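Alright, structures below, take your time with them.
What follows is chain A paired twice: with chain B in the first complex and chain C in the second.
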Partner chain A sequence: MEAYQVLQGPEGYLPPAAAMHGITLGETGQALIEGRLVKKEEAVGHIAKKLLEATTPTFFPGPLLLWKTTSYALERGKLIREIAAEVNAKVIPMPDYRPKYPMINPEVEINPNHPNLTIWFNKIDVGVFIGVHCHQANLALKIIRGGTGCYTVALCAEEGHEEANTSLRETDNDTLRELLAAIKDLRKKGA
Partner chain B sequence: MSLAITKINPAFTDVMPQEYLDLVADGPFGTNKSAKDLGLFKELIEDHPLCAGCNLAMAFRTLISSLPAPEDTVIVGSTGCNSLVFPQLAIHNVHSLFGNQNAVATGLKRGLKLRFPDKNKDVVVMAGDGATADIGFDMTLHSWIRGEKITTVMFDNELYANTGGQESGMTQFGTVRNMAPTGKKFQKIQVTEFAKLAGCVYVAKLSTANTAKIGQCLRNAVLVAREIGPTYIQIYTPCSTNLKIKPADSVALAKKRVKDDYAFEEYMTAEAEQLLVASGAIKPKKQKDQADKA
Partner chain C sequence: MSAKNLKEVSTEYMLFKAEREEQFMTGSEAVREAIRRSNIDMSIVYPITPQSESSHLVGDLYAEGYVKEYLRGENEFAVMSEVAGGAMAGIRMFTATCGPGTLRAFENFPMWSGARLPIVIAFMTRAINAPLSIQPDNIEMSMLLDTGMIMLHAENAQEFYDMLLMSFSVAERTSVHIPVGVFVDGFFVTHTRQKVKVVIEDVKLQGYDPAMSPTPTIDMETPPFRYMKDPFVMKSNYVSYAAHASWQQECMASIERARPYIKALMGDFIERENPGAPIQIVASGTAVSQSRAAIKMAESEGIEVGLVKIKSIRPFPAEEVKKALATAQKIIVPEFNRVGWLAREVASVIPNNDRMVKGPRVFGGMTMPPDVIVKAIKGDTRCGV
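Right after this comes the complex of A and B.
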């Protein structure tokens, strides 16, 4: 039997949970690319390439990052904006997890319960999640994989997300600096 | 939780939706706003999918705007019309399994006490009469008997509104309802009396005809629950859809019921009264009587 791949959607309504197909999160220093365990450095380079190739790359900062709770979040916020500017990406916030149905304004926000609306409305082809609580992130990632053609990236501060097409774990500010450097490097090489 | 959580990370202020900018700038967090300030601040609930003339919505709005510390409050809801409002609410809330709301609130309150031993964390249950007095009555009663420091609010519309108007334990004797075509066969449950017997230290019964009092009662109940023990508020919230009356007539019905059998009642233990007087929430009894006469 071939190994399950967490590929770009749309996989169809209610896609199978990646964990049920044996996708695991790996250990410190590892990351996931489409369900395959790789070294973190490889995944950072892959994310940089995906962001540079995208037509409408978008960052989705979540509540852990949007609200001024720690100096750590302040520093991380600046780094995210720097990376977004470097790849000319949109920034669409996920301020909380209220479904807000049917009032969600997909032009200015995204929520984990109807993330596909925002993806469709803005024609987003690469979406990067950061600062979203893990249980809500997995929900959003699965809906996006099921119903849209968006390539998802999770920059998780905890153990990562098997539902994302590419997922880093234990993402700290240094990792974000590595990502920024990788983008600049690829750009220099003509990407 | 600190008020820092209601401040936006400056790196993202420019992309935050207007609603959140307004909540931070003009919301009720840390400002001690109350129902009498309605219209003068950004409310925590501004849209809801409930029917025109819904008295529950009116009570809900007043209650939410009267929370003494919304940034440190968690609301626990249950199945019912009110559960359709919770998703739109801009403070922490939990939807429990039908009837489990007071059990969930108990765990939450105890957990918050362990996690934040030096802070007041208010847990307020808001549920309908079906969840409070029928399906969840065991959970409700036992949380009171255990002396859990939570506030329970019942929206009493005397029927199961969101399933089409079937009779509930709170329906009046003899009333014809769906599933009770020949009239209800037993008396309305006297939940306020149960509350007193089970150890609630503050109990209030009122209706949407007493809008001004709803906010004050909630504040009293939350302040007393913080320090002493369980508190209970029962609000008559007629459902114009299932009673098949014009939406505009629902408040008139609430007023009529105040005259008939739903007059304002307030009970508190001596300890609760002492606390409320000391905190300035109410006047001492003598002074109050004089003020009422004047």
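Right after this comes the complex of A and C.
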């Protein structure tokens, strides 16, 4: 049987959980590209390239970033805005996880219960999750992979996400600076 | 010494480096010794035989200052609901139950998993009514197989002690963060005295950090909690059905993610004896001990028999079991329950099921004399099946 790959969607009706098909999160210093364990540096370069190639790249900051007021979190927010500006990306927040009545406004927010609505409405081709609690992030990532053509990236502060097309783990602010530097470097090279 | 004065250490230190002393104790007392070192914030329990003694002893630990809070609930459903509340608030919880108590509490177990609560619970299994029986039987394990919790099955008091100590670390990993049930066959382990090597250093496990939770914890001081834990209402078109389906998948994935962490602390998921033997016994819990005695009896008659001991039921070591039984000509699965849940699990992962003897099985409090297993080795497939 062929090894499962976590490829850009739409994968179809209710894709499997990647962890059930042998995709593992790896260890510190590793990252995931489409289910393959790679070195973190390779994944950072890959994310930079994906963001630069995208037509409608979008960052989805979650509650762990939006509601934090520590100096570290504020710095993190500034870095995200800087990266977003560098690749001309939108920022659409995921402020909470509750079901929205009667429905979300896909123009201004994304929600883990219907993440595909925001992707479709804004025609997002690369979406980056940061600061979303891991459980809700995995729900949203899998639904997006199942029903949309959006390439997903997870910048996770913990152990990473098999459900994302590309995932970093233990993403600290230094890693965000590495991503920003990689984007600038690629741009200099004509990307 | 009060818990607050104990030095915090890693689970690896506690399991592999801390000074130990061999003591003679019951399985219930082994629970007390494990919880003494586990830095528990709160334990809520309700008495039910044969679990009662262990929970009583955890109460003693509260009196001694090793457990910060200790309550008796009104019944098992209340207890497991209250335990959920504590875990949602971000504190380390421990509880225990068995048999009819497990069933009375049952709705809570898949809820624990769905809410990603890292609760550690000891099940000291007992027969299910009716007729009422205060006797050993592990049929409740078959009912818990798909509740989304990790399930470890200890053979003896030493394993019970070590598995409890390691479970907090596994349950509380961000990528796992689901309940861990540590099971023993009630009475056989809880009410017999065995030699158990317990930690005697003045140490306790590092505390739980709720900031690592994959879901928001209850914290009314930090916005916007009140928005976060609104009921996940599965109605109409406000929530995609795919969200609920993906939620369930995520819980199952969490069990899979636990594999490397369990292995690092427990060792291999299976243990083997006589791996080349044409006849293999597959067992878990105290059926392993009875199987070891049966293997010696068979050997004395010139029959070569091997053993595959399974320590983790969820996640189930499918590949390990398949590989271990690849060349077996006959496979015996002795169990302390009527339904043969372990035989079903084994049958689901190996080819050529006609090699299997799905027994012997005893239940309702019956013991399993080793000669019953020897009979199965020799071809009697009827005991309890």
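Throughout what follows, the second predicted complex is superposed on the first by the 187 of 191 C-alpha atoms of A that agree within 3 Å, B and C clash if a C-alpha of one lies under 4 Å from a C-alpha of the other, contacts with A are read in each partner's own complex, and residues count from 1 in each chain.
The definition used in the following text is that a residue touches a chain if its C-beta (ideal position, glycine included) is under 8 Å from a C-beta of that chain, and two chains touch if they have at least 3 such contacts.
Remember, it's a predicted structure, so these values are computed and weren't measured experimentally.
Asker: In the superposed arrangement, does A:108 touch chain B (first), chain C (second), both or neither?
Answerer: first
Asker: Quick check on the superposed pair: does A:186 touch chain B, chain C, both, or neither? Answer first, second, both or neither.
Answerer: neither
Asker: Given the touch rule stated above, what does A:25 touch, chain B (first), chain C (second), both, or neither?
Answerer: Once the two structures are laid over each other on A, A:25 reaches chain C alone.
Asker: For A:78, is the partner it touches chain B (first), chain C (second), both, or none of the two (neither)?
Answerer: Touch partner of A:78: chain B, not chain C.
Asker: Residues of chain A touched: more by chain B or chain C?
Answerer: C
Asker: Regarding the shared-chain residue A:95, is it in contact with chain B (first), chain C (second), both, or neither?
Answerer: Touch status of A:95: both partners.
Asker: Let me test your reading of the model: by the given contact rule, A:134 touches which partner, first (chain B), second (chain C), both or neither?
Answerer: second
Asker: Output check: A:61 vs chain B and chain C. Expected answer is one of first, second, both, neither. What do you get?
Answerer: After superposition on chain A, A:61 lies in contact with chain B alone.
Asker: Name the residues of chain A shared by its contacts with chain B and its contacts with chain C.
Answerer: 67, 95-96, 98-101, 103
Asker: Can you check the complex and tell me which residues of chain B touch chain A?
Answerer: Those in contact with chain A are residues 4-12, 15-18, 20, 47, 87-90.
Asker: Please output the residues of chain C touching chain A within their complex, sorted ascending.
Answerer: It comes out as residues 116, 173-175, 177, 212-216, 222-224, 227-228, 230, 232-233, 237-240, 242-243, 245-247, 249-250, 252-254, 256-257, 260.
Asker: Considering only the defined contacts, which chain A positions touch chain C in the complex?
Answerer: Against chain C, the touching part of chain A is residues 14, 16-20, 24-25, 63, 67, 95-103, 112-114, 116, 133-136, 138-139, 142-143, 146-147, 158-160, 162.
Asker: Can you name the residues of chain A that touch chain B in the complex?
Answerer: 61, 65-69, 73-74, 77-78, 80-81, 91-93, 95-96, 98-101, 103, 105, 108-109
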